[in-house]
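The following block contains the structure, expressed as structure tokens.
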Amino acid sequence: MYTVCVREHVMIAHSFQGEVFGPAQRLHGATYIVDVEFRRSELDENGLVVDIGRASDALKSIVARYAYRNLDEMAEFAGKNTTTELFAKTVFDRMKAHIDAGDVGPGSVGLHSLRVVLHESHVAWAAYEGRLT
Amino acid sequence: MYTVCVREHVMIAHSFQGEVFGPAQRLHGATYIVDVEFRRSELDENGLVVDIGRASDALKSIVARYAYRNLDEMAEFAGKNTTTELFAKTVFDRMKAHIDAGDVGPGSVGLHSLRVVLHESHVAWAAYEGRLT
Amino acid sequence: MYTVCVREHVMIAHSFQGEVFGPAQRLHGATYIVDVEFRRSELDENGLVVDIGRASDALKSIVARYAYRNLDEMAEFAGKNTTTELFAKTVFDRMKAHIDAGDVGPGSVGLHSLRVVLHESHVAWAAYEGRLT
Amino acid sequence: MYTVCVREHVMIAHSFQGEVFGPAQRLHGATYIVDVEFRRSELDENGLVVDIGRASDALKSIVARYAYRNLDEMAEFAGKNTTTELFAKTVFDRMKAHIDAGDVGPGSVGLHSLRVVLHESHVAWAAYEGRLT
Amino acid sequence: MYTVCVREHVMIAHSFQGEVFGPAQRLHGATYIVDVEFRRSELDENGLVVDIGRASDALKSIVARYAYRNLDEMAEFAGKNTTTELFAKTVFDRMKAHIDAGDVGPGSVGLHSLRVVLHESHVAWAAYEGRLT
Amino acid sequence: MYTVCVREHVMIAHSFQGEVFGPAQRLHGATYIVDVEFRRSELDENGLVVDIGRASDALKSIVARYAYRNLDEMAEFAGKNTTTELFAKTVFDRMKAHIDAGDVGPGSVGLHSLRVVLHESHVAWAAYEGRLT
């Protein structure tokens, strides 16, 4: 199995609901360093897992949607805690939609799975991974 | 599948038995940077894989047991080489015991698996991973 | 010249005033990984630049003041943009106050200078450094 | 499952064929930081996944073959694009050959799988992983 | 003294002349991760060392000049070894020219000095720093 | 001013004397990642700060002296606490001796200063720097 990974980052504000979050119930924020890993069992005719330029563009457009935003005010997160793990799933779902729409090129037909890792600090990260087909 | 990872570190002394270890048969030491990854297929009602505060506390108590110790003198390692891979398994077993005892919160019931990665330098690491149920 | 550095992190929300900031004028947030470097020309009688435990405690108390806060609502930043460089200076000033109050131990008498580095992402950081005496 | 990882690096020149590569069709180069992960379900009698010294020597000999070379001029890559993902597979195949030849010691008999990760910058990497038996 | 740093990267081919370079006399290549640090004794009226957006754009235009190039074929390097240290100086000179031309904004008038760090692998880097005025 | 940096690592055991060290008074150990920075105001005729191969060999021979050792048993440290800052000075002194002996090549004549950084974990490091002439 082959993997290719590209990295971007995004800076957001948010707060959490629930006593388990302690002081993080207050409005605060985070820098998320976002890694998206594309997996495929065979390379395409160019020797690639995916067109890295188009994959990067797709990731840039995904993080641009959230860049410098207060996630608490975005309708898509209403009633949800935008934890690092949930936000990883959000990036996964949006990248999957880009792949299904053909935005990362014809090579994406053969993609097996996707993994999104969000680093929130030097001591903590969260991820979501799943099959694509 | 979701993953959440927390990081601590621990500084220990030890030596190894066996010619394969060469100069590492002498008493020496290591800084281990310890990553523990918790995996779960669904988020809990708070949007979490695990209560990160309690998971961190559990990890802190595990590394405290070994911090500033000579592992050669600890009964639990008698007759064993405390290689990085074996020590990763040790942290795995102790975290599993914390999970089974409910120390990382009710959400831990749904945990699928655990992975422990120990970085011993900028050029080498070892890991142990296994199912929890 | 000797240096010792300790690291913590803090997650905050804030916004900026001024067209130069573009989309960062909106409420957003950041994870700051905070490095504080203590410099001294000679080691103390223990072979130390500074009591690392007390220096770490001082840094923990500094970041705790801002942890999970919206900096826009804190009186000390009224009328100021809490840029990464300004926030580095803030941490510098507070650590200097701890040093002057003797909080990092008697060894701090001989400290020559201090440098505070704030990493805001994998591609950007800011710092402030200055003399202590 | 246990994993042990060792790291080396290699600096090479190459070019790519195909419009998808844009400016990377020109002769350029890369530093690849090469991580090889050895996986095994049980430790050997020394408490090891693999003899790390011999594994490192094998990796050093593999990267030496390509060090300071123009990959475009090497027969083994004729008609192929030496993308990061393809080069990861190349290192995988060569390490598998070393394992099959017994070069990483008798413990290698029990190795389950191998993963090779090539970091080409701070924002992109590629990998190949596969079973050994 | 305040510092702000931005990061880009560039992938190039080159070779070296002189026995001291050993196998690096052959055509090979490198990924350079490029950090440019801007230093200033006081912040401007926005609380900034420099307009980070314009500074990033300037750095992007500098690395674009060399991206996916064989440095051996560029007239500006004729008769020179494009060592990591020399290339750091090249980036320094070009950024200084951008600053002198006002490309990084009016705030650049107060800039004190510049430091360029080029990471060529996980085990080696080179830098050039100098005054601006 | 130009800088070139090379990296190695060393794993040692030691203990500290003095109540300030708390649990670190017990026999324990550390992995030190060792960066040595060579500084020079002008490049030599090859475009180099220093012959990187010879500088690396000198650093390798320095760390080999301490590798897999209990520093408490080495005569050169009798009556001293081998803190990270003191050990940085030790590496500095030994590298200076190599330079003075001509071991890093004729180019070393023009070296201005040296900085040694020892990373003991992901959250702490120490350094020593000084002039060479």
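We call the chains A, B, C, D, E and F, going by the order they appear; numbering starts again at 1 in every chain.
As a convention for this text, a contact is a pair of C-beta atoms (placed from the backbone, for glycine too) under 8 Å apart; a residue touches a chain by one contact, two chains touch by 3 or more.
Quantities reported herein were computed from a predicted structural model and do not represent experimental measurements.
Enquirer: By label order, what chains touch chain B and chain E together?
Expert: D, F
Enquirer: Can you name the chain that lies farthest from chain E, using the mean of each chain's Cα atoms as its centre?
Expert: Comparing chain centres, B lies farthest from chain E.
Enquirer: Considering only mean CA positions as chain centres, point out the chain farthest from chain C.
Expert: Checked the centroid distances; the maximum from chain C is D.
Enquirer: Copies chain A, chain B: same or different interface, half of numbers shared as the threshold?
Expert: Mostly different residues.
Enquirer: Report the inter-chain centroid distance for chain A and chain C in whole angstrom, where each centroid is the mean of the CA atoms.
Expert: Chain centres of chain A and chain C, defined by C-alpha means, are spaced 30 Å apart.
Enquirer: On a C-alpha centroid basis, what's the spacing between chain A and chain F, in Å?
Expert: So the centre of chain A lies 41 Å away from the centre of chain F.
Enquirer: How many angstrom lie between the CA centroids of chain E and chain F, rounded to a whole number?
Expert: 27
Enquirer: Two or more other chains touching the same residue: where does that happen in chain F?
Expert: Correct list: 7, 122-123.
Enquirer: Per the contact definition, I'd like the list of chain F residues that touch chain E in the complex.
Expert: 1-8, 43, 46-49, 51-53, 105
Enquirer: Considering only the defined contacts, which chain D positions touch chain A in the complex?
Expert: Result: residues 16, 18, 20-22, 80-86, 88-89, 122-130 of chain D touch chain A.
Enquirer: Provide the residue numbers of chain A that touch chain C in the complex, in ascending order.
Expert: Counting only chain A, the residues touching chain C are 7, 9, 11-14, 23-31, 33, 67-70, 120-123.
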